[in-house]
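After the structure tokens below, expect a handful of questions from me.
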Amino acid sequence: MAAVTYTTNELMAVTAARALRDGQNVVVGLGLPQVAALLAKRTHAPNLNIIYEIGVANAEAVDPGVGIADPRLWHRSEYFTSSIGALGSILQKGLVDVGFLGALQIDCFGNLNSTQVKLADGSIRHFTGSGGAADIATFARNIFVIMKHEKRKITASLDYLTSVGLLAGGDSRSKAGLPMCLEVKIITNLCVFGIKRGQNVLEVQSLHPGVAQEDVLANTGFAVTFAADLQTTGIPTEVETTLLRTRIDPRGLFIK
Amino acid sequence: MLMGGKVRQLQDVVREIPGRGAEIALGGFAITRCPVAFVNELIRQGKKELILYETIGGFTADLLVGAGAVKRYSYGGGSLDKFGQLRRVNEGIENGTLDVREYTALSINLRFLAGSLGIPYVPSKTLLGTDILANLLGKDSEAVMVKESPFDGEQYVYYRSLQPEYAVIHAPCADAKGNVVIYGPTWDEELAKAAKKLIVTVDKVVSTEFIRQHPEMVVIPSLYTYAVCEVPYGAYPTSVYKAYDYDADVLSAYGRLNHEQSEFNKWLQEYVLGTKDHNEFLLKLAGMEKLAALRADPVFGYAKGAQ
Amino acid sequence: MAAVTYTTNELMAVTAARALRDGQNVVVGLGLPQVAALLAKRTHAPNLNIIYEIGVANAEAVDPGVGIADPRLWHRSEYFTSSIGALGSILQKGLVDVGFLGALQIDCFGNLNSTQVKLADGSIRHFTGSGGAADIATFARNIFVIMKHEKRKITASLDYLTSVGLLAGGDSRSKAGLPMCLEVKIITNLCVFGIKRGQNVLEVQSLHPGVAQEDVLANTGFAVTFAADLQTTGIPTEVETTLLRTRIDPRGLFIK
Amino acid sequence: MLMGGKVRQLQDVVREIPGRGAEIALGGFAITRCPVAFVNELIRQGKKELILYETIGGFTADLLVGAGAVKRYSYGGGSLDKFGQLRRVNEGIENGTLDVREYTALSINLRFLAGSLGIPYVPSKTLLGTDILANLLGKDSEAVMVKESPFDGEQYVYYRSLQPEYAVIHAPCADAKGNVVIYGPTWDEELAKAAKKLIVTVDKVVSTEFIRQHPEMVVIPSLYTYAVCEVPYGAYPTSVYKAYDYDADVLSAYGRLNHEQSEFNKWLQEYVLGTKDHNEFLLKLAGMEKLAALRADPVFGYAKGAQ
């Protein structure tokens, strides 16, 4: 049997999907997070509950949308609710196991910036802001981020702290009065970061096949540490790539 | 047009709103159920120095800021989804010309929740440790403070009750009494219930008999509603689930032209200031064929195959 | 034309109905309050919103029920909601103009007891308790009570203060931190009590036709004062009694 | 019986509940949607020293107290509507044999609201000046305090968050995932969402396809639900809107016999302890003809002409 071929985006989606467990409640947005959650639901996690912060639970979209405000993503939902219904009585109550977040920047403690960046001339460029991201980072038990691995994005210092990860490491998060965060998993095109226990700082826990430690070092803005038991990221199976290509993202909008 | 009860002409209701400094919470979310007809009329009537609130900013907030109508804007972040960013808002932040108070989707809604419940504030852990909170403690110190809960001794952010003078939301339908039907998610329910005066623009005024046959569809009962304005396609070019789709052509064009104030000004002049009402706006920007094509499929709730 | 004949219960229902204004939001329970609200809605107040604390707005019942928990009372409602929806976002927000309350006892400040009474032997007898009554007394702008005029019920001292009226009169209610109460109207089978302005204590504002001040004095447990402009309660019109008997309570469950 | 997902046998779920001291919020209201089958099974399995919470007390709370199963009962008042009073509860209060903490419908739900929102407490004016508050400050001092709001300096009662170990509600239907459909008012929504484990008894388990066709009927989504137990007529002799009516004969008899513990004991022995499950209870107390006659008319939602 020939080796499975896959794109980097497929590898990232599969890696995120495999990190989800059956019965978990996850908050996702459009793009690879949604793809990952749907893949998990079609493979090992049929009872995954997928929530959009706009107030939608367990939709079964048949057409691709432009964002969570697109009614295409609400098709065949099991439940509609309000802002407080989604982000108060579900998220803040502590029912969300995994929150997928996007970011302009992330630091070595998994703190995220989705608000604004400083340009070379000292001016700022403002983007989307939090939406529910900062709320999700506060209350979801696990935070997953899928992002491109670039030095200016995976950085020593954020231009703006929108969403809390581990704050300054150690016990700084709990000292600030924040609920416990079990995991911050950053899935890039090169590797997977997770929490180094005890210190509460990010470390590389697996390298994607063919990626060297030097590649990560060269593309990361902070001093990278590698886990003692550094792994190689598992590659997609044919079942997974087939599902991605024929069922979940047949137009290849996100997995190409 | 069905009148009576709380049903009134859009222009008349907008005329009631003070010319300067009105406090308004808007109900849209990025590109869906944005109260476009209402906001265009605010701009046509030259309202200024608005104090705006919104869960998630979208098309209408960008229009108002671009039109120079906004003094202060408090919101939980926003965009045009894949069609782009709120460049008029963002440029105002970048240049420091707009007083922006950034919240998050939850934190601003905790203020609306307190307002809707008639309680002074709601304590929450959200925003502890963030720059969002640091900025709010500076800019919005009358509304946000950090305190210890007397029960558990832990730190919380106390979010003060917010009851905006007006809330304006768009819904597919309501009856003349002001019972408002919304299909799909209802991110604007708390802000609608928090406001002192709730104005609802609807695509269609329906009979109270329809309401009595579908009470489970009523998200906001008549008790909250100050005025109902019937404006067909009142959220166009944004979408209304089960009624009509967003106009992807218009929104992607807008998501480019809003990068430059001058381009924005031309668009505003052409389509908003250059039209006398929403029907003219619809005809000029969409036309009858486009509007017909955007009508929602009754099973899917959007225009199957339109985009 | 012959004089209109009416029962005392009809007079009480009509008196309460006439005190309601069009467009008001009223919270009622089963019995004469519901009858009064429905009569107002069919006469001068077509836009009255009638709310049951269980979470029902503007029902159009066609069959009599045994209480607000009876689905007969929910027929053709415009809106269903939760406990917080009804008593938080509607009542506590301040949207209720008139709350109708029942009571075991009431004192000269309009404070109400619906919880328990002390028997002659010193033991207590417990009844329904508050339900939403104490909440309604706190937040409704006007409190209406329809009750039988008996010395042990309209009393100098409550056995239990379930629901606040004017507390100890004067500015004691606002000093206790409570929202303003515009009116406490007690409609009995003898007279109508209302607030004596300035002192914030109850006074008799109208006597029912044929009732003498002595009748009230003899049946009231506290020292009664009569308004300077004491009125005679207006009698029902034929339109009102016809509506009551043919439309609103055709079986005569409450108006007999 | 449709199983799978979260669907489990009632007896098995009740067996999981600790024999002594379990903390349970019940969902009924006087004579409607009371979780009778569940409560009867609690009594059959001999659970003791229950810590009960309820918005408005009704038939099931009176049964549990009469059966000697309750240690502490916190509720907002209650009755059997026109059928009578909760005499077993009230006698416990009168004799001082039951630890009762009286709230009101709003105040106890503010505690559930805080629990459902994951916040430490909710400030409110309600109960200021009342004997209810005076009693709670004595008996329930860990849950209720009077403080000044740091925003307006006014006095408020701070109602502490309550997340009961279990909530048990009855609903007409749910799917196997635990998406719960309720018709009519939903006074038990906050307590259901506040609980750590929500157990739902339903008259019928429906397909998830039905849920997807009627998402607006879902009051409680699957995320909250711990177990679903299919028990036809599970709220009998109380009513379920759009499913079946209350049994006026049984309730008016009960509203008399509950005046005397001895009479109550006979009834309990005959119908609850003397039956092995809810089907036997139904056959003994109602019979097939009565059950058929109580089925709701689809337009009215109750048994037209039954009472």
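Should a chain be cited, it is by its letter among A, B, C and D, assigned in written order, with residues numbered from 1 in that chain.
What we mean here is this: a contact is a pair of C-beta atoms (placed from the backbone, for glycine too) under 8 Å apart; a residue touches a chain by one contact, two chains touch by 3 or more.
What you are looking at is a predicted structure, and each value in this text was computed from that prediction instead of being measured.
If subunit C is left out, the remaining chains stay linked by touch in one piece.
Work out the mean CA point of subunit A and of subunit B, and you get 29 Å between them. Subunit B and subunit C have Cα centroids lying 40 Å from one another. Shared interface positions of subunit D, i.e. residues touching 2 or more other chains, are given as 117, 119, 124, 154, 156, 183, 216. In subunit C, the positions touching at least two other chains are 77, 80-81, 84, 88, 92, 139. Applying the touch criterion to all chain pairs gives A-B, A-D, B-C, B-D, C-D. Per the touch definition, subunit B reaches subunit C in the complex via residues 5, 115-119, 177, 179, 193, 208, 211-212, 215-216, 218, 221-224.
Remark: subunit C residues 25, 47, 49, 51, 57-58, 60, 76-81, 84, 88-90, 92-95, 139 touch subunit B in the complex. Of all residues in subunit D, only 117, 119-124, 145, 147, 149-152, 154, 156, 158, 160-161, 183, 216-217 touch subunit B in the complex they form.
Listed in rising order, the residues of subunit C touching subunit D in the complex are 30, 52-56, 62-63, 66-72, 74-75, 77, 80-88, 91-92, 114-116, 123-135, 138-139, 160-164, 167, 173, 176-179. If you check the complex, the residues on subunit D that touch subunit C are 29-32, 55-58, 75-79, 81-83, 85, 89-91, 93-94, 102-107, 109-110, 112-113, 124-132, 154-156, 183-190, 239, 241-242, 245-246, 248, 296, 300-302, 304.
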